[in-house]
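Two complexes follow with subunit A in common, the first pairing it with subunit B and the second with subunit C.
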Partner chain A sequence: MNVTVSVFSIGIALMVPILWAALGEVVVEQSGVINIGIEGVMLIGAFCSALGYRYLHGLTWGLLLGIGGGIVCGLVLSLLYVRLGTDQIVTGILFNVLALGFTSTLYTKYLGGGVVKTYGAVKIPLLGDIKYLGEILFQQNVLVYASFLAAPVVFYLVNNTWYGLYARAASEHPRAAETAGLNVWRLRYPAVIVGCTLSAVGGATLVLTTSGGFVNGLTEGRGFIALAVVVLARWNPFAVIAGCVLFGVAQALQFQIQNLGPLSHVPSDFVLMFPYVITIVAVVAARGSRYPAAIGIPYRPSSATAA
Partner chain B sequence: MSAVNLAFRSIAVRHETTLRSLAGTIVAVALTLGVIAAVLAGLGANPWSAARGLVSGALGNRFNIGQTVMIASLLILTGLAAAIPFSARLWNIGAEGQMYFGAFVVAGLGLTLPSDMSRWLLCSILVLASLVAGAVWALVPGVLKATINANEVIVSLMMTFIALEVADYGITALWPQPAAPQTRYLPVNATFPSIWTGTLVTAGAPLALAAVIVAWVVMRRSGLGFEIRAIGLNSRAAQMNGMRVGRVTIVAFAMGGAFAGLAGAINVLGMNNALVSGFSGNFGYLGIAVALLARLDPTWIIPSAVLFAILRVGSNGLQVQTGLSPDVGEIVVATFVILLLVFKVIRLRYAEAQSV
Partner chain C sequence: MLVGAIAAAAATSSRSATYQVAVLFPGTSNDGSWGQAWSQGSTAAAKKYGVKVTLVGNLNTPDQYLAQASAFGSKGYNLVIIANGGVGQADLQAAQHFSKTKFIQAPFEFATPAAQKARNEPANLGHIDAEQQQGAFLAGALAGLITKTNKVASVNGYAFPALTRQPEAFSLGARCVNAKVTFQQKYINSWDDTALAKAAAQAFISNGADVLFSATDQAAQGMFQAAEAAPHPTYVIPSYFDSHSQAPKVVLTSVLYNLQGVAEDLIKLGMQNKIGDHFYKQYTYKNIGVGKLAPFYNLASAVSPAAKAGLAKITQGVLSGKIKIPDETTGSPTIGTPNSAAKINVKSLGCTPK
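Here is the complex of A and B:
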């Protein structure tokens, strides 16, 4: 494998946690809710999967427990964001603090280090033999392939099902959606729960594939990067993949920087800040991108207002 | 007559909401205590001894009180860093990064400027530098918000992660202290003098109080503060009335960032005497909670910051008593504020025009 292929191959593996998180955020935001707590959801997903691996002995159990953690996060956050109508940005930020506190406390007590045997690479027959492209795309672990399949599923859910279209109506003009006979809350609950579950899978992926273990604050802003990718990709899951590749490669550079000639003298701290700088550039580049009109605004059904 | 009526009505309404928010606060406090007790019991710790550990850890002796005072000073400043932009409904979530960048600049200048200057002059220069540094860091999200309406939540968060790497570069490459995750110690002339013997309280604490006065004057007694609050209530109406929303956005961010930068200076010059890796225990993020509990009012930020400082410093005592990691403090704080949001003690208003 030459250096470029290896940067891209590592980049694909590194982008997948962000991809899962971003797909989850697409689902949430297309119902009119913004989940700034995505970072905390990823962290809890990562922690639960490390816990599952440690105590139930197995990658599958790790993944399942991570998914369970995501569902619990989704239930709590949908209650706050939708039913109780708390401010979504503030609630999300505090949820991140809460998740960091919870996972760090429990980590000291129950995990304390511990390495996870990660999902190994599975080479897809024929496709994996293609020069360069096969090495980059088709010699990865199963969670990478699963994320490639999840993107079209999310696309179909949001753009082609009655649920997705109704939820999007609720994100643009909830009052009109309600007048048309839709229940805005019931459209938003499942979006938040499903979205959080997908984001938690992102956290689990981090533990079970690339990082191979949990440490406090493991996610390092990947949830926030996912938030930016979603805006850049204009809520299109396929464009989300493209955006994530950018960040994956930006992260992969740190592992190969010493082989990249002129870049090899850049101090490692500057290489590490690269993905964050790119995110800001991406936000600037996405300036024509418009959030759904009613995003972030808690909805009060008109019947509740009358009561 | 009608004016009297109106005045009476408004007093009555205010009275009712105060009562309701008081009741809400009590319920939130009770529920928080319940949740925390359940969590502690679940972790196998005795909630009662945990509470005792928390209080004695924060206020048990002179030394601990001094530590609480200094942490409260940092939280006052990061609270202001959140409160001023929040008043204009601008989400400056990046106080953590603005604080780190302020600390980085102060540490660098303190180590390079000639140390034979008078202590007054040197400290003044460094404080000024920290204000500028924090403001510059906050200008990135501020200007991008004002000019191209970039999402300030994402940009200010990303600036935080960049600032962490910048600070790390200072610690590991520019001014490293051998065998320790920090920079070299600053010369004595570049550090704040102690103002309470036997404790770690330095001149940084009164600086934080001075910042509250400045913020109060700006927010309550100046045209700029009026514009900031008007934009927060309804930015379109403010614009219709001739307020320059973009300019106020940039100024609000710069002010918030300056306060956060000062928090960085207090940590470096008045607490650690060096830039220490990971010096902030999420103080930038906790500032958001401090500001919200104070309902964005600069004067209420003082008691709010003291409360959070007690919880924060007390968690160290809690660790001694229960063997749990001090991160429990974060759970306490976040649960408390989320419940305050749920019980509408903290309310953020929305312009009706947006929700239709």
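Here is the complex of A and C:
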């Protein structure tokens, strides 16, 4: 495998957990909620998948328990963010801390040192034989392919369904949406639950395709990278893929830069910093474009307010 | 973090014991790595000597160590062992505040007497140093003897002298027996990031490396995954704990620093009131088996009789002093900074590479 192919192939593997999480965050934010607790959701998804593999003996069980963990996180967070109307920033941060403590405690008791078998690479017939591109894109594991398929599904959900349209209306002007007969809470609940489920799959992907087991703090800030990617991509799932590729390839590049002739003198730490610099630049450049107007603001229905 | 640390604390105690020891470390007591090795030794000492030992894992940052060390100091613990060589001033500050408690930082070694003086350490702060470069050197020699591609590599945690000496010594060991071998390394700045460790290992493998050394902690799991999926036979030599059972197809051996023995010895010395002012002790291959390699188990056939004989010869050379492995901070040359070993001529160490 030549060096360039190696960089992109490894970069794709590194980006996938972030891609799942970022797609989940797109769904959540397009309903008017910001989930800072995404890192904790990923961590719980990763932990549950390792637990599923360990005690139910199978990758599919691992994935299913990871998804289950995401659904539970979604239920809890939607209750807090939507129903109880807690401050979404504070709640998200506390959820991350709680998730780290929770998984660390249970890891020591139930998982310590356990090894998880990972999904192997699946070569797509014909496509996998294409020189360079085939090695990079079509000789990956099943969760990589699924993540690429998830992006158009999320795009369709957000932009082409009545639910997506209503949810976006609730993210812009929830009072007007309510006046039009929409139940804002009922639009936001499923968004948070679906978003958390996708983020948890990101955590499960780390365990089931990369790390071969759970370790404390496994996600190492990838949830926060996903938050940055969503802003960089302006809530467009296809742009999210591009943003994730940028992060993944930059991470992979640090391991091979010394073998890439003209770039061999660039410090690897600089390469690692590059996508973050791009993100800051993009956020500054995007200050003219705006977040959904009501994002992060708890909504009280007029009936509840009147009461 | 603190929540995790507190929750991860586990205590074993004896009602009759008055001597109290706290052991603070990164990782967990069952992580199959550094944390488990310290935990096993401390727990064994608790049973053997009837002391109260409290284990606190999942500690990573200096402030976490300072908070925990201070908490045990204020509770009147007799001995606090900080099993992390890279947490800055935490040991110093805790020792200054709680003069009745002995604090030991492991591993830590001063570069010069002047450096020691500059720290102005209180008498109740001591250090130990397990000469990890000896075991890493032997692992490197093994790698140099068995590599088919003449390319070996190392994935490391953080760059600080007590850690950096391990991959540097590994490279020296490989070059000591193999004049053609080349060495690459990467610091991933994490003990736990398995994904980054895997990516680093994949990059080295795609460049042809067939023996990988791990100087990180649980992140090594990612390296096992990369080696198992490698297009050519690839072996991993992890550190701190016998990791064979985690990946029997690729873990050739493990570098055992006998941290269990170090922990047990420290607690015994503490009980016997032999940890004096400004305590310092070196643990070596010779005095306590720091750096012994674990058995090859099912991979014994991957090491030819000639390679086994070569390794035995190098081991003998290290033990007899014919081969002199540089220290990370003292003497000249030193191997406490990244790539420092690359400048060293291995013949000057007593090696005769082929």
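Criterion: the second predicted complex is superposed on the first by the 272 of 307 C-alpha atoms of A that agree within 3 Å, B and C clash if a C-alpha of one lies under 4 Å from a C-alpha of the other, contacts with A are read in each partner's own complex, and residues count from 1 in each chain.
Please note the rule applied: a residue touches a chain if its C-beta (ideal position, glycine included) is under 8 Å from a C-beta of that chain, and two chains touch if they have at least 3 such contacts.
Note that the structure is predicted; figures quoted are calculated from it, not measured.
Legend: residue contacts after superposition of the two complexes on their common chain; A:N159 is shown touching neither subunit B nor subunit C.
Look at A:F270: by the touch rule set out above, it reaches subunit B but stays clear of subunit C. Shared-chain residue A:F255: touches subunit C; no touch with subunit B.
When the two complexes are overlaid on their common chain A, residue A:G120 makes contact with subunit C while staying clear of subunit B. Of the two partner chains placed around the shared chain by superposition, subunit C is the only one that A:P17 touches, whereas subunit B remains out of contact. Within the superposed three-chain model, A:A228 lies in touch with subunit B and out of touch with subunit C [touch as defined at top]. Judged by the touch definition given at the top, the superposed model places A:S6 against subunit C, while subunit B stays out of reach.
Looking at the shared chain after the overlay, A:R175 reaches subunit B, while subunit C stays out of its contact range. Subunit A residues 97-98, 100-101, 104-105, 107-108, 216, 220 lie at the interface with subunit B in one structure and with subunit C in the other. Those residues of subunit C that touch subunit A in the shared complex are 1, 3-4, 6-8, 10, 27-33, 36, 57-58, 184, 186, 190, 192-196, 198-200, 202-204, 206-207, 218-219, 221-222, 224-225, 229, 231, 246-247.
Within the complex, the subunit A residues that touch subunit B are 36, 80, 84, 86-87, 89-91, 93-98, 100-102, 104-109, 175, 216, 220-221, 224-225, 227-228, 231, 267, 269-270, 272-273, 276-277, 279-280, 283-284, 287, 294, 297, 299.
Here subunit A touches subunit C in the complex through residues 1, 3, 6-7, 9-10, 13-14, 17, 97-98, 100-101, 104-105, 107-108, 112-113, 115, 118, 120-121, 206, 210-213, 215-218, 220, 251-252, 254-256, 258-259, 268, going by the rule given at the top. On the side of subunit B, the complex with subunit A involves touching residues 43, 91, 93, 140, 144, 148-151, 153-155, 157-162, 165-166, 168-169, 172-173, 282, 285-286, 288-289, 292, 324-325, 327-335, 337-338, 341-342, 346, 348, 350, 354-356.
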